[in-house]
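For reference, the structures are reproduced in the following blocks.
You will see subunit A twice below: alongside subunit B first, and alongside subunit C after that.
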Partner chain A sequence: MNARQRARLAFWLLAPALTFVVVLGAFPVLSQFALSFTKFNLKFADERGFAGLSNFAQLVSDGVFWQDLGHTAYFTVVSVGLELVLGLAAALVLNRVLRGRTAMNSSLMVPWALPTVVAATMWSLLLNDRIGLVNSVLERLGLMGEPIVWLGPRLAMTSVILADVWKTTPFVAIILLAGLKSIPNQYYEAAALDGAGRWAVFRSITLPLLKPFIAIAVLFRTMDAFRVFDLIWVLTGGASRTETLSIYIYRVLFRYGDLGYGSTMTVALFVIVFVLSLGLIRFMRISGETR
Partner chain B sequence: MRRFRGKTLWLWVARGLLVVACLFPLYWILNVALSSPNALYKRPLDYFPNPAVSENFRAVFEVNQFPRNIANSFVVASLTTLLTLALGAPAAYALARLKVKRKNLIMALFLGIAIFPAIGMIGPLYLGMARLGLINRYPALVLPYTLLSLPLAVWILTHFFSTLPTSLEDAAMVDGCTPARAFFQIILPLAAPGVFTAAVLIFIFAWNEFLFALILTSTPESRTVPVALALFAGLHELPWATIAAATVVSVLPVLALVALFQKRIVEGLTSGVEQ
Partner chain C sequence: MRTMTAVALCCLAAMSLVGCSSQESGDIQIVFAAGNDPSGATEALVDEYNAAHPGVRVEFQAMPANTDTQHDAYVTYLSARESSIDLYSLDVIWTAEFARAGWIVALPEGYIRTDEFLDGPLASVTYKGTLYAVPWFTDAGVLYYRKDLLEEAGVPVPETWTDFRRACREIAEPRGMDGFVWQGARYEGLVCDFLEFLWSVGGTLDEATVVERPADAERGVTEALGLMLSFLDSGISPAGVLTYKEEDSRRLFTEGRALFLRNWPYVWSVAEGEGSKIKGLAGIAPLPHVEGQTSYSTIGGWNIALSTYSEHPDEALDFLRFITGERSMKERAIEGGYLPTLRRTYEDADVLAANPHFASFSEVFQNTRNRPRSPHYPRMSDIIQENVHRTLTYEIEPATAAADMVRELAEIMAE
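For the complex of A and B:
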């Protein structure tokens, strides 16, 4: 096959997917960018018009936006941090498993594979203050006087993070396990010959070689956590100081019908996630080079 | 010797904790689904169904179009899987095997779709679907789901195609095979494991998706399982036992996929991560 034939074949193989992505994907994405400069509320549709940067000015002075950005950042940092620590611990345990590996992996994949709505439903039943299992067990153990309102104002964010950690730690563990398996055994053998302790081996062999995998897991998880919607929508509906940016955008777009301002916030969220991922990718490259 | 035994014990405890942590919420929902609705109000709670009943499952299938919702989910997830593979497999083959100009630009396009907040795509998609009269019909979900799962599918399949030896196509070409025939008759069958892995992941994604389904469907008959589940609560005064039974039913397909194809799922999730 000569170069021209190759190019023609490549064109025809790529054309359907690219056409699909451009028609269906580029249209909503670009119209979000266009709408973000527009005054357009479905409830006052006749007042539609170009708004310049006024939506962005509104965003800067919108206390709810900044507050929800704070919730989102807190949710992302705490849940991804916990998932990383617990995922690493789980991966280290799984890496040592010889028998029953299939059963272990299968049970680990269960939380990951369940619909988020199902995970949220399960946790709202477990954490329900009147009929939940958690409070019932605490009561039986004599550890609780008044029922603990897990999804109330004080603890809701913690509960949401708990549910997210339960659901997505397995994903992090699977990625890190692949990383652990990629580390050649010779390194460990050499370290054993040198009489290195377990902690020293972990710090100077396992952790540095695992860095690119940690970066990938953190990248994927951060991108998802920053856009979290389903879990919070089902668990709290955004009440009790758990409203994240996606939930706020949902409210503005579909409750208030404010397509202009909602789109502006979408663009802002996109820019934040984009910059975050670029930063993480750059960090990944740097840690890859120093290897 | 004692040290060795201590080590093994520690590992066993850690394994046990891991399995219990992953599975106990599922056990609890199953327990509630098999208990009488009043059992939840007992104090302290029973940890086993006492006695086990099936009325909650009957309630699920008798009320609220739930069987219809399950059928919707199956159709939507299957069509999404087929369409994504039909579009994604050829594209991935081109990206992996043929020297494509502006390959980085194309990859960036897919990546951009993957990064853009889904919540922002729905408004314009809703208006577009409404204009085409597709709201509450299968394409309203299948098309956006395909869009969202294409980046993942292309990523996984590009990785799989690039692991196959190039000599195969060359041999086929020497034998006078056209490039298209080489793709369909030689490469595609060899890439079947990769295609299958992608299919499992796409199906799970489409089965679980909530946000688009919430907004692009508006009638009980057109809803998929996750939306039906989330809106159950709104219809009655939190019939927890029925919700639990519906939850158990709705996770069965996903659990079956995990039990059967756990290895493939892990492969798919980690493909390309190893560089």
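For the complex of A and C:
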């Protein structure tokens, strides 16, 4: 087979996958870009027209957008941070467990396996101020005077973050556990011979070798957290300063039917997540010279 | 995002299902999409209609019970000019939106006898003076109270907010109960509750007032917000009420932990049903008002409209007349407890025998009002929700919220 034939074969082998990428990936993104320059509301379809940059001008001066971007960033940083710390701790513990590992692993995975909507509905019942389990436990332990309004103005964001941490820490833990398993034992044996302490071992062996796994976990979680929708939608509906960009975009696109401005915000969210991911990839050096 | 994908997939699935089944026979196929009816009464009526009309096959397509999900599914279908669904059941707040978009058609002149319908539901099917749908069943906010506790204290059912607050202080407080629970979460239900409070202080958000006399509108809104804050500040309503939807507040009431509840008529059968701790102890009344004013209930409920893209409008209209006719309404009232929109069904002996409480509702239904009727309603609703909720969570002052709300609503109304 000469080079040309090989290239042709490669093309045909790639074609199905490429078609999928174009149809399901590139096409929607590009049409979203195109829509962002139009004035187009589903319910006022007769007023459709070219809008130039006016949607983007609206975006710049839209207080809600920037406010929700702030909520989204806060949610992402705090929840991913907590998930990373707790997930790492869980992975380190699980890596040591010798007996009953399967049982522990599978019980850890339960929150992650639950559909988000189900988990969120469950949390909203648990956190109800009057008849929720959380408050009734606190009350019985004598730790609570007035009932705590978990989803109220003061604690809403904290509660939402805790529910997210509960739900997705297992995901981080499993990825990091896989990472821990991949570290060859001889490094640890060598360190033991050299008389390294636990902290030194952790810092000089475990952490550096785990870095690519941490990077993957953080990347996945950041992208997910930045687009969070269902959990918050069910718990607060976006009230009490918990509205994220996805919820705002949903309102504009689906409730208002405003495809033009909604697409503009989608494009903005796409760019933000894209740049963020690129930044993370560079920072963590996942690609290229990993080792 | 995942939810959106799910919705989109469901839509596709639904469309493909409809597409398949219509191929089956030579009959004319009419598809009627509406929220699921757990009582089975609607399906029984459809079967009955089909049996009496050879050559036409009506199919009842049950939609998700969640209103917003239904709305978004319909918007997706209709903006794609989907022709497989002929009749849609629409929430009362959607008429203007769907009519303006050109998705539903004006009913033929004289199609229904308007004088036979309750005023509130009838107004909800009207857009710019034209009828676009037939009222199917209705809903209105009512005040539930603990009959036993009021009687024990010798307190009459309060008609003014002053008496209402006193009753809460004297009866609920000493018992460690909540005085008054309602729907304070930021969602559509908050708009319904807020408007009732607004009307009860003599305020209004109708277009003429908002556009021409914004200062009057603002004054009413400020007063209504003050009233709502007074429930929270005095502890009559628990702080958690700001996270409650219908079922959260209903649960507290039927658990016997609240003296008063603002909710929809459905609560009655729950309060009288299995598992209720207040069986036989609840009463129904119109909501209280400020001295010298009248209280009004927000109208809810559903209408049925004919799709612009229907391929068999005549057959669809014939079925529409049947399903919104007196017999259907009676049947659905008796079997499913749905509140009819035809006046005379409230005097029907069979209906009242099955639903003795309908008699008490008829007083409430004397004074009902609609939420703003505008094709921009979703945006207006969000403006109201946001400003009310932020005031109740002490983020902004009532006067600021009122000014913002009225200004933003006026901008939309001017569009």
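Please note the rule applied: the second predicted complex is superposed on the first by the 257 of 291 C-alpha atoms of A that agree within 3 Å, B and C clash if a C-alpha of one lies under 4 Å from a C-alpha of the other, contacts with A are read in each partner's own complex, and residues count from 1 in each chain.
Simple rule for what comes next: contacts are C-beta pairs under 8 Å (C-beta built on N, C-alpha and C of every residue); 3 or more make two chains touch, one makes a residue touch a chain.
Bear in mind that the values here come from a model prediction, so they are computed numbers and not experimental data.
Student: If you tally the residues of subunit A touched by each partner, is the higher count for subunit B or for subunit C?
Tutor: Counting contacted residues of subunit A, the larger count belongs to B.
Student: Classify the contacts of A:251 with the two partner chains as first (subunit B alone), second (subunit C alone), both, or neither.
Tutor: A:251: touches subunit C, not subunit B.
Student: After the superposition on A, what does A:77 contact: first (subunit B), second (subunit C), both or neither?
Tutor: After superposing on A, A:77 lies clear of both subunit B and subunit C.
Student: Figure out whether A:190 sits in contact with subunit B (first) or subunit C (second), or with both, or with neither.
Tutor: neither
Student: Tell me the contact category for A:60 with respect to subunit B and subunit C: first, second, both or neither.
Tutor: neither
Student: Contact-wise, after the overlay, does A:21 reach subunit B, subunit C, both or neither (first, second, both, neither)?
Tutor: The answer is first: A:21 touches subunit B but not subunit C.
Student: Between subunit B (first) and subunit C (second), which, if any, makes contact with A:273: first, second, both or neither?
Tutor: first
Student: Of the partners subunit B and subunit C, which touch A:108 in the superposed model: first, second, both, neither?
Tutor: Once the two structures are laid over each other on A, A:108 reaches subunit B alone.
Student: When the two structures are overlaid on chain A, which partner does A:85 contact: first (subunit B), second (subunit C), both, or neither?
Tutor: It touches nothing on subunit B or subunit C.
Student: By the touch definition at the top of the document, which applies to A:207: first (subunit B), second (subunit C), both, or neither?
Tutor: Once the two structures are laid over each other on A, A:207 reaches no partner at all.
Student: Share the list of subunit A residues that count as touching for subunit B in one structure and for subunit C in the other.
Tutor: 116-117, 131, 227, 229-230, 233, 246, 250, 254
Student: In the complex, go through subunit A and note every residue touching subunit C.
Tutor: Residue positions touching the partner: 42-46, 116-117, 128-131, 147, 149, 151-153, 227, 229-230, 233, 236-240, 246, 250-251, 254-257.
Student: Where on subunit C is subunit A touching in the complex?
Tutor: 1-4, 68, 71-72, 75, 79, 97, 100-102, 178, 185-187, 238-240, 242-243, 248, 251-252, 255, 257, 375, 378-379, 382, 389, 393-395
Student: Which positions of subunit A touch subunit B when the two form their complex?
Tutor: 1, 3, 5-7, 9-10, 12-14, 16-18, 20-22, 24-25, 27-29, 31-32, 35, 89-90, 93-94, 96-97, 100, 102-111, 113-119, 121-123, 125-126, 131, 133, 136, 139-140, 166, 170-171, 174-175, 178-179, 182, 212-213, 216, 223, 227, 229-230, 233-234, 246, 249-250, 253-254, 259, 262-263, 266-267, 269-270, 273-274, 277
Student: Inside the complex, what are the residues of subunit B that reach subunit A?
Tutor: Against subunit A, subunit B makes touches at 11, 14-15, 18-19, 21-23, 25-26, 28-29, 32, 40-41, 43-45, 86-88, 90-91, 93-95, 98-101, 106, 109-110, 112-125, 128, 143-144, 146-147, 150, 154, 173, 179-180, 183, 204, 207-208, 210-211, 215, 225-227, 229-230, 240, 243-244, 247, 250-251, 254-255, 257-259, 262-263, 265-266, 269-270, 273-275.
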